[in-house]
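Given below, in the form of structure tokens, are the structures.
After this come two complexes, each holding chain A, first together with chain B and then together with chain C.
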Partner chain A sequence: MSEVVIDRVSKSFADVRALRGVSLGVRDGEFMTLLGPSGCGKSTLLRIVAGLEAQTAGSVSIGGENVDHRVPKERDVAMVFQSYALYPYMTVYENMALPLVMRRMTPAQRLPLVGRFVRGSAALRRGIDANVREVAASLAIETLLARKPAQLSGGQRQRAALGRAMVRHPKVFLMDEPLSNLDAKLRTQMRTELADLHRRLGATFIYVTHDQSEAMTMSDRVAVMMDGELLQVATPTSLYNDPSDLRVAEFVGSPKINVVPGVVASERTVRALDGLVAVAAEAPVGTRVRLGIRSESLTPEGADGAATFRGRTRHVENLGSDCYVHVAVDGLDVPIVARADGRRADEFGIGSAIGVACDPDRILLFDDAGKRIPARSAVARLRSHG
Partner chain B sequence: MAEALAPGRLLDTAQRRRRRAETWAAWGLAGPATFLLFLLLLGPTVAVVVLSATDWQLGAKTLRFVGLGNYAELFADRVFRQSLGNTLLYVAITVPASVGLGLGAAMLIEARTSLQAFYRTVYFLPVTATLIAMAVVWEFLFHPNVGLVNLLLALVGIAGTHWLNNPATALYALCAIGIWQSLGFTTVLFLAGLKSVPHDLYDAAAVDGADTAWERFRRVTWPMLGPTLMFVLVIMGIRSFQVFDTVAVLTAGGPAKSTEVLLYTMYTESFHYFRTGYGSAITVVFLLFVLTLTLIQVRFLDRRVHYA
Partner chain C sequence: MSRPGVAFGVFRHVVLLAGAAVMLAPFVWMVATSFKPPHEIFAGELTLLPRQWHAVENYGQAFTKVPMLRYLANGVFVTAAIFALQILVAVPCAYALAKLEFRGRETIFTLTLFGLLIPAHVPAIPLYVMLWKAGLLNTYAALVIPFVISVFGIFLMRQFFKSIPDELIHAARLDGLSEFAIVWRIMVPAAMPALVSFGIFSVVAHWNDYFWPLLVINSRELAPPPLGVAYFRNEEAGHDFGPLMAGAVIVTAPLVVAFLLAQRRFIEGMTMTGLKS
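Entry: the complex of A and B
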């Protein structure tokens, strides 16, 4: 049992409040990602769970036991750092063996040279050796055991750091942006490997990243943090489709969600710029709102009367499978981005007039403070009344 | 075919001409520095080595080559042997003490959360102060009757001595001054070294279970300071071999040659007795020690101790 419960944890550095009463429950065996921009407090929270930093208030328990007053070693957690933090003067083997050496052997048995003559140390060394080799084999780094970290590539260092974490089978793995130092291709590959590893080990993972695609691709659930607060904890699917806060909607998803100012025009419509969309908002008529519309809910089309938004094509990003059309619209500082099939990419001439149709089913409404307003499509009802 | 080859050959000539121009430019740019290097450093060194094989006296119009005669005399000379022994003892005491204490002071300062700059400055002050002026202060401290050292010792019931005038203690008193003066230097170097130890390593060590002060030092600080330590050892070795000013001001090599050191012997032989050839031989011995230390630094430092 290795669930992690974070209960109203706060942390202040001098006059900066890094964490403001964060509560989060991580289930046994779950892959939980703490996602947020840099400086949001996610790494601080991870370090508090690890015991590397003491919280100002609140408590942390691991596997049902309060660990507030335990040093990192006694919390049975392993940590993987962004810099890998391998000891540069030790071989990969020695790096991986150290956590076991520190735990299983007495100070006398650990002594260099003399230690091997202390009773029982040979048997312990053999046990440690077997464990290190087993983990190295599972990570496919057996051939690198005799090398020093400086002689390894980024991906190999990453694996050695993972090996050092895995070798003593901890209850909880804590990972602080472990993929940030890898190149893009390797990062994508390691995402799959980490997700595989998590399934294989069945251990609890708490993973910190600022990269929303890492969070979306690997996690069971994602906790989005901003300014020291937890905004939303949800599965990647509901985080993307059902964000509770505009900041979450803006942080998750690429390209960034389009945000258009509007006002509730009637019980069944919302006016956005010049267009009227068929959305029934649970807010009084006249409420100022912001519409969050993902680019896949917008379709570029001819500049005729049916389009919700009208403007001029400013830029076309052709990704092959899809293309994203940036449309400059009067009254908006940033262009609206609409998705089209990649095969249509050549249809859109830069600078020409264009219309954008909007799928009212997928529109998210937020109030002025950025909180989600419940809303649903009113297309069917509009039609029946029309 | 010939027509096809011709442009390639032209290109070759052009390339060669450009490369030659580059070579000339390189020599032109490095020339002045190279010239000065020979004039000011290598030239004098060669001159000293040549002079050490002669019986030249400063100002003399003639000189005679004596081969290794000076060296033979040197190693038969009781004063020189004492001088060499004293210098080695001085180095053997000053280097480990100032390195050890400097590392300790640096770790204490680094562990503080406030006033780091203040302590750094205080420790570094002796390095910037003129040693000759400071030597006068030390002379007072070591004074047999009114000196602070003996007054403090009297408080705990120990009878002091005339530290700088007692052959049994004079060299150790000079060592103390040397350590005091170098401490700030080593401290500042170690502080810089400590700053470059990645903090993640301490975190990793804590999670791995190496979390006592001793384990942190042994697993992270000490090995990560390897390059700094090597550098500090060599620099301090060279500096300690060069001990001169405290000897010249405070003891003049005495009493009874107990503080005679290499550079001071060289100085008296060359500039008091004007035996330049003999003095040059001492200089060559001194240079050999410094050269050895420098070679250790170049070889060992660059190859073995760097990790990245």
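Entry: the complex of A and C
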């Protein structure tokens, strides 16, 4: 078993509070992603789990055992770094063999030149060789084993770094933005490969990224961090559809969720700008709220219809399958983004008046502090009553 | 290139060439003199090449009148021992100052910087007294021990280690390397250019050192090359400058050859001391 439990971990540097009481349980074999903007403390948390940095308060246990006083080597975790951190003066083979050499061989057996005459070292070397070649084959880098890191492409370095982490079959893999130095195409391809790898190894993965699409595509669960705090831990689906905090809603999903100020107008309606939407908020009438509306819940339509919002077309982003229409609305600094079928892209003239219809089922309500307010679509409630 | 550009280029090269000529002239003269017979050295006119070659005699005397090979061997042994021990001390110190976190690290580093400001001659007398009390005067140890801790070496290596990413050290810790293994197997190979340039500074300084050997050595078998040449001048050569210059050439040659062999590394080392941090 190799679940990781992070219990109220805090970390302060001289003048920065990098982590403020973070608690997180990662299940055995789970792919957990730490997602958050730059500087929120993701790497710090990962280094604390690895034992590379000591927490100021709190504790970490791996596989049910408290590891606070164990050095990194004894925690049975492997880490893949953003810069890959391959040893520049060793070949890929030596890079991958080193963790095994350090663990399996005695100092005498490790000695250069003389070591091979120490009893048992030849057999150990053969075992290590077999392990390295097996892992290299599974990553399709057998032909690169004799090269130095400088002679590899970014993607190949990435694989070599993965290989070095994999050879000793650790219980837990820690990955700190391992894909961020790759080009876009390779990054998408590696996402699939990493997800496959995770399924194949069955090990626990803790993966750090600031790229929400990486988090959404690979993870079993995502932990969203901001300013050293954990905001929400949930599956990608519920993170997207059921965020507990406005900051989570804004961070997850592309294009960014539309945020419109509003007021609870009645038991069944919320007034947003000039429009009324049929949402029953669990908050007293008159409460100021913010509506989070994803672009796919908004449909551009004629300015005359029963549109919720009205404005002028500012910009049209045509992606082929979909198009995103940016609508400048009075009273809002940023345009509202609504999605339409890609085939409609040419209908929207820049600068012309346009209306936007809103699906009340999918509206998320947040209070002034950004906390989620439970709400139901009033239309749905009418239906269920009727 | 525009015309003023060309003019400036020419001007610049003329200035540089003149500077190089001023620097090189004594050496050229030394080599030329080492080839000349005595009467040509004291002749009224200046000629670069000797009319009558006297190289064999001069160099022969330099090797036979004094144990020149012994001096060279002393020089090699002492500079190598100094450099090896300097590395042994400076590299772990530099690693600790650059990459380990402990209380007082900045204070210790500041003190190290202070050490850089103290000229080598200032602690000469206390060192001499200490060596005398330890009974080490007139030994190889007296030539080596005072230089084992090189503040400059610590500083240079620390600056270089700073530029090596922490992630590399983290990876090594996870792979199970001890701190000592990290220093010698990860940091040192990565810091080779810095080590080479430090080596050049150290070897040049200690190969050419005259002051300290003069103070602590009085038996000839222990003399390093510059001191040996000095003995030569005082007692053997008299006014015979030919063999003396031959001796000087022999003493300088190893450094020049080493420089030519390691030229590229040397330039790298020189330009790298500016170091990004």
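As a convention for this text, the second predicted complex is superposed on the first by the 378 of 386 C-alpha atoms of A that agree within 3 Å, B and C clash if a C-alpha of one lies under 4 Å from a C-alpha of the other, contacts with A are read in each partner's own complex, and residues count from 1 in each chain.
Here is the rule we go by: a contact is a pair of C-beta atoms (placed from the backbone, for glycine too) under 8 Å apart; a residue touches a chain by one contact, two chains touch by 3 or more.
Quantities reported herein were computed from a predicted structural model and do not represent experimental measurements.
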Partners on chain A (chain B, chain C) - clash or fit: clash
Which of chain B and chain C A:Val71 touches, first, second, both or neither: both
Which of chain B and chain C A:Ala303 touches, first, second, both or neither: neither
Which of chain B and chain C A:Lys148 touches, first, second, both or neither: first
Intersection of chain A interface sets (partners chain B, chain C): 47, 50, 52, 71-73, 77-79, 81-83, 85-89, 98-99, 102-103, 164
Residues of chain B that touch chain A when the two form their complex: 198, 200-201, 203-204, 206-211, 215, 219-220, 223-224, 226, 307-308
Chain A residues within the chain B interface of the complex: 47, 50-52, 71-73, 77-79, 81-83, 85-89, 98-99, 102-103, 148-150, 164
Interfacial residue positions of chain C with respect to chain A in the complex: 165, 167-168, 170-177, 181, 186, 189-190
Touching residues on chain A, where the partner in the complex is chain C: 47, 50, 52, 71-73, 77-79, 81-83, 85-89, 98-99, 102-103, 164
